[in-house]
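What follows is a set of structures to go through.
Two complexes, one shared chain (chain A), two partners (chain B, chain C).
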Partner chain A sequence: MLEGAEFYFNVDHGYLEGLVRGCKASLLTQQDYLNLVQCETLEDVKIHLQTTDYGNFLANQTNPLTVSKIDTEMRKKLCREFEYFRNHSLEPLSTFFTYMTCSYMIDNVILLMNGALQKKPVKEILAKCHPLGRFTEMEAVNIAETPSDLFKAVLVETPLAPFFQDCMSENTLDELNIELLRNKLYKSYLEAFYKFCKNHGDVTAEIMCPILEFEADRRAFIITLNSFGTELSKDDRETLYPTCGKLYPEGLRLLAQAEDFDQMRRVADHYGVYKPLFEAVGDGSGGKTLEDVFYEREVQMNVLAFNRQFHYGVFYAYTKLKEQEMRNIVWIAECISQRHRTKINSYIPIL
Partner chain B sequence: MGSMFRGEEVALVQFFLPTAAAYTCVSQLGELGLTEFRDLNASVSAFQRRFVGDVRRCEELEKTFTFLQEEVRRAGLVLPPPEGRLLAPPPRDLLRIQEETDRLAQELRDVRGNQQSLRAQLHQLQLHSAVLGQGHHLPLAAAPTDGLLERSPLLQPPGGPHRDLRVNFVAGAVKPTKAAALERLLWRACRGFLVASFRETEQQLEDPVTGEPATWMTFLISYWGEQIGQKIRKITDCFHCHVFPFVEQEEGRLGTLQQLQQQSLELQEVLGETERFLSQVLGRVQQLLPPWQVQIRKMKAVYLVLNQCSVSATHKCLIAEGWCASSDLPTLQQVLQGSSSEAGVSAVVHRIPCRDMPPTLIRTNRFTASFQGIVDAYGVGRYQEVNPAPYTIITFPFLFAVMFGDVGHGLLMFLFALAMVLAENRPAVKAAQNEIWRTFFSGRYLLLLMGLFSVYTGFIYNECFSRATTIFPSGWSVAAMATQSGWSDAFLAEHPLLTLDPAVGGVFLGPYPFGIDPVWSLAVNHLSFLNSFKMKMSIILGVTHMTFGVVLGVFNHVHFGQWHRLFLETLPELIFLLGLFGYLVFLVIYKWLSVSAAGAAAAPSILIHFINMFLFSRSPTNQPLFPGQEDDKAGILDASDASVAGWGSDEEKAGCPGNGEEAEFVLSEVLMHQAIHTIEFCLGCISNTASYLRLWALSLAHAQLSEVLWAMVMRVGLRMGRELGVAAVVLVPIFAAFAGLTVAILLVMEGLSAFLHALRLHWVEFQNKFYLGSGYKLSPFTFAEED
Partner chain C sequence: MSVSAVIFLTLVLGFLMGKDWNKRAQTIMKARLKGAQTGRNLLKKKSDALTLRFRQILKKIIETKMLMGEVMREAAFSLAEAKFTAGDFSTTVIQNVNKAQVKIRAKKDNVAGVTLPVFEHYHEGTDSYELTGLARGGEQLAKLKRNYAKAVELLVELASLQTSFVTLDEAIKITNRRVNAIEHVIIPRIERTLAYIITELDEREREEFYRLKKIQEKKKILKEKSEKDLEQRRAAGEVMEPANLLAEEKDEDLLFE
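And now, the complex of A and B:
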């Protein structure tokens, strides 16, 4: 696209940007959360959500109301909005949307393969799949036995196909291999998405690249954290790190060598962005977990994305914020339904 | 009409409702629709209120109603509107209604479920027979080598181990949209080990869920090997295919086919029986549902109001607050007594003092509603402010008509509106849903008056479809002019344009009795004559209209007891407005009366006089209109200036006690505010007066446009053929075009534009003289349906 896309942005994407900003205004406010936390039962949660933009999305649910019903309906609502955006989008925004769905597709594929491994019925797992990552061939995933099988038979026609170049192998799909596959797919997905945004240039690159860099680094940290005490070798670990983040290349090399959380923290200390995050992490007894800290940082970045105009980042940011909001509601609803109110306040506030 | 002058007196009232009778009382109040309740529990969130359980039960019930309604709609039936007056049911009836609804819903669900499963079975059977009857030839079984090569060249029958393997079949049906993807996936996943043939069904099958007819793709897959078979089964599962057992032998298949047809016949019979039963249940729903829906909606509304009440200290009664017109208080008292008599303790309502500004209540009828609507669209009046609507009833159609003056067009509009007014009680007209039509219909009385006034101004302008009419004999005599100046035939032949001189005796006999003399329509200076007339008329109407607005302000000041504003605001305003523009109007009228045809050549120019007045200068060529005019001018200007100065300075001083009561008094802000107000009014007077010139401009535009339409369309047609036959044939389409354009351009388009300008003149030029429009409407709690 030409320099100064501001001039032309609204011709193609102005309507959708307006729409997404309107949707963003409908996110729950601090006051809403305060009210939700006070609820005694799930019915109360429902009544309160009715006064927000969720409206009577639970009106046709039969009793008793459960957390998973709320979750499903919220996801459906997000999915409807997303589908609307997607159906009304023009290139290159529609490619951008496709990239956005890819992460959900990867999760769904992995979920299904894990299910197949544990011999669970497909129907049961399908219900757990994220609706944003749905595609026709999805259910056929379990016929594949090796990654290359999976690629050749099932995924070659889906947008996931390009990400498979690094993970073609004839290994049978056991639990570890599936996890490796997920991370490799994610790595090439993130790198491809990063490249797409970078090439697109303009404000989109300025907004999306930091968000994706953060996403990549977060994955690197989380992979490191989860690999402690597993049979994953350090070399293998390094191949899983997405290389489009701020940590690349030095930080990733150091991370690959890390053996416990403190070493990881020392790596993060070299980076001004991540140092405060690790400092905010509480020790084992209480306080925030690393994941929560990352979520908070993500929310912050996504909210800031709305401060600029004429870019695609708002769509990404909106979807992520909405997801966070859904996680919050589910968290609160879980706390209420399990009568476990002590931790009810540890949702991630959306500023 | 008296209540139209300003909003009714509205009081804040407090209700003490005994707990036992609270529900009945509120439901009665809802039937009356006179009170607007205030939320006394604004700080309590929705789910912590007192009657939230009842509201939830109502909602639960409404959910079931939605289900029933959806079922009725799906069956292609309509719910009849409920008949008679349905009161909110007593709370104990809720249980009964709930039980009956649940029973009905359960019954309906069962029957519907039965029907669904029967339909699904039938669909399955039909699909099966379609698959079998499709006649897929069996390429592998019949000729394993020949048939294949075309479909799947990759498969080279090796003649080796594969020959011994048994060929198996999978047959089924899939939705056509998915067929291509299925075929590709099959090919990719099990290439070489299967042959698939796809074919579309010939007849369409009814979808068991939606009931819509749809075609299906049937397929027959033949494959080698058990593993491949499992894969294929998984893939077909994933595409939600219907898979059926496939018998290889032709005879076996035919037998199954017959069996299937037999089964589906039986099934259809059962299905018919079920559907009959279903329609019975639906009939019951149709009968019972509409009254229930109304009742439960009322019940929920009552509980929502009760949720806004606070509980008294002794828990014996609920306390509600609300706005209500003072004149309705006795009615309220009576109703409350009546509805709480059963409970033993009677409900009480009494006024309480309040500092908040009460809402505005102006009762309208179907005639005044549209005019009130015009005013409310600008802003609902402050409490008890003078309401401009009663004057709008006359001034709005009049100002519109000044811009739309044409007898013919006005008559058409009048007749259209009259037709709507006469038909207003017909149900078909009332029920019309078209939005544009509803807009016109709700403004029918407005249109009626607009049409009527346009006929009147049309007569004044003497225009009917742009043609002048000669009702009275013209006041000008050409014959007199001809004899007096001795025009010869030769003179007449040479001069196409002749001048009628009113100064010559006998030529101008006297003014035309009503409106513009028709002789002007023949004159070449028609336009300059009309322009001068319409411009002055606009100024006169405008100044009158604005002065009227300023005078209306007096009633506001008197009513609110702000006497200082009367002398320090209205008086200077009047002096300024009348001193400058009232004087202008006076000059115009004086000149009309005093200057005769004889002295026309030396008539003084008002324009120069007026400009000189501001510049404090004189021009020797421009004679005064009347002796002593120069002195008067200076005096008026001095008075106006003095009034502006005095008003600007005194206003703030007087403003101190008035404003000091509530808000913190900041002198600089009040000074600034008043200075701005003063400047705004002074500048506004000039620009508003100029704004009234739009009356002239639009009426000119309208006259010219209809003139052009006549000249370019109708006159062309009339000139076309002299013979009777030609004229008749030509005139039909020409007249059609003329009529169509008249309606589309002159009536609709010009009408809308004149409407818009009349609207602006009222909202801006008229109402800003006295109307604040900063109030809010009383929206009573009522069960009545909105129109």
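And now, the complex of A and C:
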């Protein structure tokens, strides 16, 4: 690709970039969060949200207002915006959008496979699928009896097919633990996404590749942390690490051998980016957990993505920030509805 | 036997057979009274033991319920935390349900003759959700599992306590009813019957006494009359005194002196 995206980026994608920047400007600010934290009931939360960009999205809801209703409505709004962006996009931005939806598609496929195995009615499962991960062959899932049939008949058409082929042969699809399958799919997806961004070059690669590297390393750390004390063997664990991050290859090998948190921390100390993150982790229940620290760093990187122009990273960053905002609002709403306000300030602020 | 039947029988039989039967009835009644009193004491002891256990269980229930409130709140909050970090895992969990991991055994406990059911939980099988949240939120999920496990254990205990509470309540009511029945109905009845028998006996005795007295009087009058007659005849010289063996100076039968 030629360098100098500023010459021709706006021809195809300028409108959408402007739109997404406008959307980003209407994310909730610190002042909004302070207002929300001081609400006493969910009705107050609804009133406060009316003053923001959310507007009257809860206007048609019947009483009583629950946290899950708020969550569903916010997700619908995000989907509407995302679909709008996607429908108006041209290549290669549309491929970029497809890559973004792959992660939701992976979750949906795992859900569908599980449901098909247990002969649950398809309608039920479809209702629980993530709307962003919708693909056309979803309803056809119930014709398959076993996972390999499912793959041959249905999934071959979806963008997820290459990821399945990466992980395994069709025979092993049946015995594999669902969680391991999910993580393996996600690993191939991440690596494919990374390759796509790198090949695209230009500002997009400059912005997206660090973000994706961080995501890969973060997954490696979290998988290691969560597999202490489970029956997951070290070799299995190593196959789940995405290789597109900074930790590849030495860090991943060291991580695979780690037995507890301190050994993990020592691996992280070799890398300048991760050392301060691990130092910020508090001990026990008082301080932040590793996941909180990672979330904060992710939000930071996404916000910084908006400092450059003429790249696709703004769309990715916007979607992730919006999701984090949704999680924050749901967290605050739960704390309010359960009257458990001690940890109400542990949302991740988006500055 | 009903009271009236007893009284009727005593009257009839007493009339027919005299005092003996009454005395027998009295001893029978006394024995029954003793039996009723002993029964009442035993039942009262049983009722007291049950009430004591009842109060203990009540106290424990209150404690456990308060603790339950706290634990459930904690568990619901950890669910919110886990959802914040790990996203929505509820469908994954629901899809993968097959066998129960925590099961309950019912045992029996005996308090003063009342059997109370006691539930005890035990773990079976491995955790099929070990790898859920492997990529996100695993720590929060582990905390969530612990919190809800604690809540389940507490619920099992609470269930045990509440069934014992209800069973004991029933048993105490029945026992108390029996105690009251004996104390206020049976014993007074027996006592009244006993009192009646005693009055009957007294009356018969008095009748006897009166009869005896009357007979004595009559005899006395007869005696006086016959004495007066005798005096009169003696005075008239018609009566021959029979020989007094001791007062005699001369013994006729002695031929030679």
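Here are a few things to note about the model shown:
Everything below uses one rule, namely that the second predicted complex is superposed on the first by the 311 of 351 C-alpha atoms of A that agree within 3 Å, B and C clash if a C-alpha of one lies under 4 Å from a C-alpha of the other, contacts with A are read in each partner's own complex, and residues count from 1 in each chain.
What we mean here is this: contacts are C-beta pairs under 8 Å (C-beta built on N, C-alpha and C of every residue); 3 or more make two chains touch, one makes a residue touch a chain.
All figures in this text were calculated on a predicted structure; none of them were measured in a lab.
Using the contact criterion defined above for the overlaid structures, shared-chain residue A:233 touches neither chain B nor chain C, since it reaches no partner. Of the two partner chains placed around the shared chain by superposition, chain B is the only one that A:47 touches, whereas chain C remains out of contact. Put chain B and chain C next to each other and count what each touches on chain A; the higher total goes to C.
Residue contacts after overlaying the shared chain place A:38 against chain B, while chain C stays out of touching range. Residue contacts after overlaying the shared chain place A:156 against chain B, while chain C stays out of touching range. On chain A, the surface touched by chain B in one complex and the surface touched by chain C in the other have no residue in common. For chain C in complex with chain A, the touching residues are 73, 76-77, 80-81, 83-85, 91-92, 95-96, 130-140. Interface of chain B with chain A (complex): residues 45-48, 52, 56, 63, 66-67, 178, 181, 184-185, 188-189, 231, 234-235, 237-239. Residues of chain A that touch chain C in their complex: 110-111, 114-115, 118, 120, 125, 128, 177-180, 182-183, 186, 219, 222-223, 225-227, 230-232, 240, 289-292, 295, 327, 330-331, 334-335, 338, 340, 343. Residues 35, 38-40, 43-44, 47-48, 50-51, 59-60, 122, 136-140, 142-143, 152-154, 156-157 of chain A are the ones touching chain B in the complex.
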